[in-house]
Amino acid sequence: MAPRSTKDTAILLIDCPDRKGLVAAIGEFLYRHNANILHADQHQDPERNVFLMRVEWDLAGFDIELADFPTHFGPLAERYGMRWKLERSDRPHRLALFVSKYDHCLADLLYRHQSGELACEIALVVANHPDASRWADFHGVPFHHVPVEATGKDAAEQKQLDLLAANGVDLVILARYMQVLSPRFVAAYPQRIINVHHSFLPAFSGAKPYHRAYERGVKLIGATSHYVTDELDEGPIIEQAVVRVSHRDTLDDLLEKGRDMEKAVLSRAVRWHIDHRILVYGRKTVVFD
Amino acid sequence: MAPRSTKDTAILLIDCPDRKGLVAAIGEFLYRHNANILHADQHQDPERNVFLMRVEWDLAGFDIELADFPTHFGPLAERYGMRWKLERSDRPHRLALFVSKYDHCLADLLYRHQSGELACEIALVVANHPDASRWADFHGVPFHHVPVEATGKDAAEQKQLDLLAANGVDLVILARYMQVLSPRFVAAYPQRIINVHHSFLPAFSGAKPYHRAYERGVKLIGATSHYVTDELDEGPIIEQAVVRVSHRDTLDDLLEKGRDMEKAVLSRAVRWHIDHRILVYGRKTVVFD
Amino acid sequence: MAPRSTKDTAILLIDCPDRKGLVAAIGEFLYRHNANILHADQHQDPERNVFLMRVEWDLAGFDIELADFPTHFGPLAERYGMRWKLERSDRPHRLALFVSKYDHCLADLLYRHQSGELACEIALVVANHPDASRWADFHGVPFHHVPVEATGKDAAEQKQLDLLAANGVDLVILARYMQVLSPRFVAAYPQRIINVHHSFLPAFSGAKPYHRAYERGVKLIGATSHYVTDELDEGPIIEQAVVRVSHRDTLDDLLEKGRDMEKAVLSRAVRWHIDHRILVYGRKTVVFD
Amino acid sequence: MAPRSTKDTAILLIDCPDRKGLVAAIGEFLYRHNANILHADQHQDPERNVFLMRVEWDLAGFDIELADFPTHFGPLAERYGMRWKLERSDRPHRLALFVSKYDHCLADLLYRHQSGELACEIALVVANHPDASRWADFHGVPFHHVPVEATGKDAAEQKQLDLLAANGVDLVILARYMQVLSPRFVAAYPQRIINVHHSFLPAFSGAKPYHRAYERGVKLIGATSHYVTDELDEGPIIEQAVVRVSHRDTLDDLLEKGRDMEKAVLSRAVRWHIDHRILVYGRKTVVFD
């Protein structure tokens, strides 16, 4: 994985039809404006004729004010039909961590944030159980208990959305949050809600995946992190991992082994998203590592 | 994994309700008859109250003729309600390898057999394409081309069953054999037909799993070896493996990476079966390694 | 992995020359005293003619007071030349966690203890840096700051040994503790000090393993948990893990990836030790899983 | 992994000091000559200020004759101080496979070549034991038995070098070839001799690695493919893999499990080399996947 620069950098993410001259045009644009490129990665999908690129450069010496970047880059983007985004390392993502009762992913993400692995701000923890508050308190992160009752789901979601807006959140992490979000909620944060599902998707989508894995007698169990869409467990997959199990493992052992995988795949997804390494196209992700 | 003895050994496989005194009774029986135990492994499933055991001993000094074993062991087995099987290392399994067009699993199994990894006899290769004959010829294994036409499937299966019977086959390996076996065929070899499916079951059961994995954008692809039952891809799983893929992998890359996994999970399943390490209970397997 | 029983159980660990009748004798002894065996596992090493066994039974109904066990089992043990240990699930290990500046293994072990994964008591945290106190405080574990100066190492060790004795500690975990223990200290806790080394031993033993792995250009980095002996990084290995790295990984990335492995191999070693699953023989361990 | 094009392509490999404008200059050069870029990958090592690039383009439409490429590209290369190589997909590598008694890697490479995984020509098999001839014969590859006696090593190497020259070989694969090559031989094929070592280097370099791994009681064993240099087992590492072992594995089991890893790491190294994906810098490799 490329290092996270300690410098102020800009990251340009591009998605467009593949065409001759793209690399030259982008390279020339950046060179002309005195960009010192630190990392560049690209992917071409010949089947769909798609070109995807991530390029990161040092802002020292770059001769365009980032506020004016659209003006300068716009004509080039238009010529090649690009969808593009400019991200800045000095404007880190602001995250909300949603959690229910299981706190292993929450504790793991908070630890990684504290240790400097995750270059983001954790704006708040939102939970439908009160227990997680001790972790939020320990790490000095505001905690909001928003109970979700069967009859008051809309009201609870509205309260959550208000909290997100009030706190300038731009990335929602479902850290074993056991509620299904409404289409309205999902639509408010397109490709900005990351969930961890405790199975190797598409196997055992839906409820109680470890129980079903145990009953089926699989020899490996898995976990999957993905962007949330309106279809349950069907969003673009970001990361997956598996671990070996045997007849000696009880259902409790599966749950225990699974927790370590859930932490791994969720924390990697968060890291890749906040480092602007993920591009979604179709139902898939490209992760520039 | 326990070593395959070069001595003549007997292997006793037991499956019964768990009860006090089982280990003592079996141990005492073997000791009384002067068995030199080389390996013993057992598993207790407290949920279903099942006791499963595999014990292997050196036949040198054992004071019962194996032909008389049922007479001696029968009363004990009855007392504890055991299902049991006695296997002998000097009576190796006789295998039929079924294959279609893809020959990587066939070539792999034949190589492992030649190199001494697989302590069995390969009685014949049965194929619905003629191409595999070169591998059978190279390894000196009889080859039978049995074309399977849409309209003549019953006749083809009968021909296959006749070949198996004529050759004393007791284990059928579907080494990427692209035909679904009829219930009649399956019933003739219960828990003695091993298939390799080119996905991480239960994900992508059925046709074209790599294509579907590619379209879904999974980050790991898998392969599964399992006993064949009447339900397609639903038999007890013996072994599974996965390999990491990324956006850089084309569909062809998935197929190529998949081949290595298919060889791995199928050859392990064959080895464990012929070494009498697998016990099936419910829909699951116990593999005594 | 076998489930940790919620019942009160006894665990017998045996190590002796392999001989006919061992399994029968042990099984008969337990049956005669009405033991309900929950798990039994054994290993025979034909090369060294060694027999190793772990057997766990439910104490309900067992007709020997555990205080009297040596009297009853002694004659049998003597007949077969057994080294043996009896452990009890109701007398959990008491641990001391030693830590320096890096706190990821400490935080991980404390979390796993709190979540019920580790069936032990954590008696105290001993650190030669003050920073770790926040984690001990959060989890309500006594914290002792014992600075280790170059000139006062003996005094510091004596203070540590006094703390261990005063707190009834029987297992010492070096959770990235950056000091080498003296032979006197090691001798006081034979096979009861577990260390994590941040390389795939025997590669990169000694100082700065990640730096050396980075310079050598390896494609996998590893971590190892082992019992501490007088020879640095040479004690019996309990667990190892590796993770893939590439040219895209900086030295910082190696350290970050390494932390996850260190947590994994150390926490597994701790769990296996406190569940009495590890037998040391020669320079090796047998882990009954 | 990027797909191997069925088109005629050119691959440019570049290694130079990192500098602003490099990407723009190379992109502009290729665009000006109407190259349709299929894949591009690059790596920047900020520590050593090194820029490494691999770019592959479709030759259809490219307006420079490849014979004239140096004339056109030379000035640009000089301006940036590039070391560079141009490879052509229509001029595949010609390989010699060196083998002793163990034939698993040989059989594996020949199979992969036949199945289309390896886009190269296998010019000959050279062996210091006669047994491997059956595999060469089966695949229709010329076989040369060159015995290596303790007293006649120089003569044997001269004979091997003559064979390589006569057959236009540009890549030598040591497929478990059990002889150490002389510095003279190594110097004749710099970064063009690939070896597989049966351990996880740098652990257990030298002789009998599985025996030493077995004695040390490691929990994972490995294999490593690397370029051969004058220092035994010290050349730049291309690929590594490990597999889990336990106390149940005998030394024979280690050898058996090891064979599968040896095949995996060697065949991947061969594939990456012949697809021009490997750049060596310092003691390390960059593998553009």
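Residue numbering begins at 1 within each chain, and the chains themselves are lettered A, B, C and D in the order written.
What we mean here is this: a contact is a pair of C-beta atoms (placed from the backbone, for glycine too) under 8 Å apart; a residue touches a chain by one contact, two chains touch by 3 or more.
To keep track of the chains, here are their UniProt names: A, B, C, D = Formyltetrahydrofolate deformylase.
This is a predicted model, so every value here is computed, not measured.
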Touching chain A and also chain C, the following chains: B, D
Rigid-body rotation angle, chain D and chain C, from Cα fit (steps of 5°): 180
Farthest-lying chain, centroid of Cα atoms versus that of chain D: C
Gap in Å, rounded to a whole number, between the CA centres of chain B and chain A: 42
Whole-Å gap separating chain B and chain D, where each centre is the average of the chain's CA atoms: 37
Junction residues of chain B - those touching two or more other chains: 3, 246, 248
Chain contact topology (line, ring, star, complete or other): complete
Chain B-facing residues of chain A, complex: 43, 45, 200-204, 215-220, 222, 236-242, 246-248, 250, 282-287
For the chain D and chain A complex, residues of the former touching the latter: 3, 20-21, 23-28, 30-32, 34-42, 44, 46
Touching residues on chain B, where the partner in the complex is chain D: 1-3, 104, 107, 111, 115, 117, 138, 246, 248-250, 252-253, 256, 260, 264, 289
